[in-house]
Amino acid sequence: MSIYLSDLAKHLHSTLLGDDRIIKGVAEPFTKNDDQVILILEKKTINKKDRIRSKAWIVARLLFNDQLKHFLTSERISYMVVDQAYEALRQTIEFFYPNEFTEQAIHHTAIVHPEAKIGEKVFIGAFCEIEKKTSIDDSAVIAKGCFIGQNSKIGRGVHLDPNVTVYPNTEIGNNVIIHSGTVIGSDGFGFYSKEGVHIKIPHIGKVIIEDDVEIGANCCIARGTLGETRIKKGTKIDNLVQIAHNVVIGEHTLIAAQAGIAGSTTIGDHVIIAGQAGIVGHIEIGNRVTIGAQAGVIGSIEEGQTVSGYPAREHSEAMKREAHISQIPKILESIKAKKKRAE
Amino acid sequence: MSIYLSDLAKHLHSTLLGDDRIIKGVAEPFTKNDDQVILILEKKTINKKDRIRSKAWIVARLLFNDQLKHFLTSERISYMVVDQAYEALRQTIEFFYPNEFTEQAIHHTAIVHPEAKIGEKVFIGAFCEIEKKTSIDDSAVIAKGCFIGQNSKIGRGVHLDPNVTVYPNTEIGNNVIIHSGTVIGSDGFGFYSKEGVHIKIPHIGKVIIEDDVEIGANCCIARGTLGETRIKKGTKIDNLVQIAHNVVIGEHTLIAAQAGIAGSTTIGDHVIIAGQAGIVGHIEIGNRVTIGAQAGVIGSIEEGQTVSGYPAREHSEAMKREAHISQIPKILESIKAKKKRAE
Amino acid sequence: MSIYLSDLAKHLHSTLLGDDRIIKGVAEPFTKNDDQVILILEKKTINKKDRIRSKAWIVARLLFNDQLKHFLTSERISYMVVDQAYEALRQTIEFFYPNEFTEQAIHHTAIVHPEAKIGEKVFIGAFCEIEKKTSIDDSAVIAKGCFIGQNSKIGRGVHLDPNVTVYPNTEIGNNVIIHSGTVIGSDGFGFYSKEGVHIKIPHIGKVIIEDDVEIGANCCIARGTLGETRIKKGTKIDNLVQIAHNVVIGEHTLIAAQAGIAGSTTIGDHVIIAGQAGIVGHIEIGNRVTIGAQAGVIGSIEEGQTVSGYPAREHSEAMKREAHISQIPKILESIKAKKKRAE
């Protein structure tokens, strides 16, 4: 696909400065990108600007200044300045690579129960099984090898990538994206002990995933014992994340890879949980809390706090503790010195 | 399903107090549960008892007292008191939702090698493959998309959920449950270096899973190099857990989500390993040891200890260290004050 | 399979000492191995040598001495001494269990797009789907249930175990091994925020896996946003590892189970990353760096360093900090004592 840079500028509601050019795609700054447009999203990219081959740049307004302008002009680089650089990135990608998935078919190898209800323009790939009394709403895409258990609801425009497993009684909202290998609705880890033997508590609850949620690859979201495990609207979850039974996650929360949340914990809205963080069960994390990478959260956290470390503490306090530990050698020396003097 | 509360009381070997009622299921305390029975398992539920809508309660004896009795009577709540509340929970769930899986069929798309030996009342779902010389004992359920490699043995009443992978030569005991996406018997991480290149040591060992084990979703259990990786009777493993090659795990041990155990380590009976804990290879963890969440265990642990932190220490000692660190500011002040006085 | 120990000795370019024997396999030292050969790879095995039943030993030269020689002779154990013990282990295993996978077939249930290009002697298992414009080179083995998205390249002699998912546009080099459940090329975790809502940045990059890489089970390797995520030649990755978008991993690096590497980080050659370690995004890890288990790396690390702890520090420094913390009780006592004296 070849387009005029000026057409992309129009698409981005920006203005092209310099010569118009034909470009063939969007690329990272430091690659063989002579005939591609690049985006300047970070200051450090500008620091190495001499290594950029592309002559077609989109520059974040925050990073644009006279010095850069001078450089662009003298190097005869065609450019446009945009207010929202990441939005421009998305729009540029979509301009070159429009989402062309328009197949509407049920593969002949897919097994769809006669009592399942399939909407319009639905794609169901090879080797899928859709069990009875499950409904799949319009424009959903269920890729190769997925299993959807009975009594489930799959919303409009949902994308399940290959080899996703959805246990019975699961509800998935509109426009949810789930990557490969993820398991939704397996039994929670619930046992009681009797004479040293662990006896399983059957799990009859469900998982509810609200609209616009995205879940990465090889995640596990356990269903509730009696009630529900719920992930609210707009929350995004990275790969290999564990969400235990009866957890409730608020709206527009971000959970990075390999984080884990134990049973019955409630997470607020707009929370950020960094990679490999762990959160114990039966606590409450307030809205807009930020939890650092590898943090171990062992108690409830109030709205707006930032925590880190194990056990997780307010981040500035955790940093102070680190600084305090660094002081111990000085303390030891001072004590030693005094002893010497005393002697 | 509608039943009389008095019938449930009989089933639980308890006595109904208050009016008999018709109930339609079992629910969590704080939901729309007007026509459902609830269980009071924790003190904190009683603290919010005014928010409970259900008029049919099952109360743990430990939590029952005159004050609660007075409340129940005055609110005209029908109730029964039980000695073993979690057992009552299990029995109540099973009363309402008896395990009705009674399909006995091999799906026409399943590929079962003619040299595989399939027992009676076995279910094999769509798109499964059972390789040669593998035996599947009576009443086993192999759900959609599972792979069972050659020379494996699957015990009586085993449940494999959809998309489980079992490598060749694996032995799975009776009544084992394995959730979706779990991989049993992949090669251990074994290499040796020769002139800077890592050369693979072929793995010809196996995985043996004894009776009554449950394994969560998306776990990995690697097979032994020459010998076996073994998980003993009654042990329960949560999601996303890593068990490396040649590990031996004792009986009735609990391993929470995202924990990892490195190669050739031996874990005792009745051990509890909390979430995201890591245990290095080639060590021994004694019986009844408890390992805290995110703990990093770098050496053998004797019977009965409770450890936490990184590197993992006896828990009370780990707590003391935390307290000691908190004292540093006081120490610094005291030194400062002395300096001032000296001046 | 029964062979003469003398034949094995020849195969290993070693010399058999003691009687020739017929052996039927290779086993671990402490099992019922009367008719099998064992390898002595570690000193601690010698310490328990009286518990070994096998009379056919292969001994690492480093562990061999007069005392052991005396023992072997007096116990009438047949043995050979080898310079490279782990290489001998590999060669012995391969001697008994030659890799016999020679099936060359495309299973009749596999769906191979007419525009896919399949090499010679390729095996494609049941319920696989190979999309259009994908090429699979000679002698590749694609086991049951794999999905390979369009425009991908699978190299010569690649082994994909059952239920692996490969997203479109992925390049996999020669002799790569990927274990079950692993997902290659799912979208990176890339969003930008607009009025509190997270908006997805489409991912059009790819994953490139070079020759001789091995990847464990249930791993996730995300594709680049625009560019590539690359794993270079000879690198070996254990189970449940997370590799985020635009990460570059050098040659002959080892990554243990449950480690995670965040986006756009570059890892050098011959790096060792231990289990459950986490590495933040946008940093550089030099060649021959060693990162300890559960370490949390929050900044770039120069060539050759060994780091541990959270936040990760040079290992000897991290150890000193631990020792410093242990000194606090002594400090407190000394201050207390002084106070008493002062009083």
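In order of appearance the chains are A, B and C, and numbering begins at 1 in each one.
In this text, contacts are C-beta pairs under 8 Å (C-beta built on N, C-alpha and C of every residue); 3 or more make two chains touch, one makes a residue touch a chain.
Not measured: the values here are computed from a predicted model.
Novice: Draw the chains as dots and join the ones that touch; what shape do you get: line, ring, star, complete or other?
Specialist: It is complete, because no pair of chains fails to touch.
Novice: For the sequence-identical pair chain A and chain B, determine the rotation angle of the Cα superposition and round it to the nearest 5 degrees.
Specialist: My answer is 120 degrees for the C-alpha fit.
Novice: Per the centroid of Cα atoms for each chain, what is the distance between chain B and chain C, given in Å?
Specialist: Those two chain centres are 27 Å apart.
Novice: List, in ascending order, every residue of chain B touching at least 2 other chains.
Specialist: Only 109, 127, 145, 163, 181, 218, 240, 258, 276, 294, 310, 325, 328, 331 qualify.
Novice: What residues on chain A touch chain C, complex-wise?
Specialist: 26-28, 31, 84, 86-87, 89-90, 93-94, 96-97, 99, 109, 125-127, 143-145, 161-163, 177, 179-181, 214, 216-218, 234, 236, 238-240, 252, 254, 256-258, 270, 275-276, 293-294, 309-310, 322, 325-326, 328-329, 331-332, 335
Novice: For a test of understanding, state which residues of chain C touch chain A in their complex under the given definition.
Specialist: Those in contact with chain A are residues 109, 111, 127, 129, 145, 147, 163, 165, 167, 181-183, 186-187, 189, 191-192, 194, 196-202, 204, 218-220, 222, 224-227, 240, 242, 244, 246, 258, 260, 262, 276, 278, 280, 294, 296, 298, 310-311, 321, 324-325, 327-328, 331, 334.
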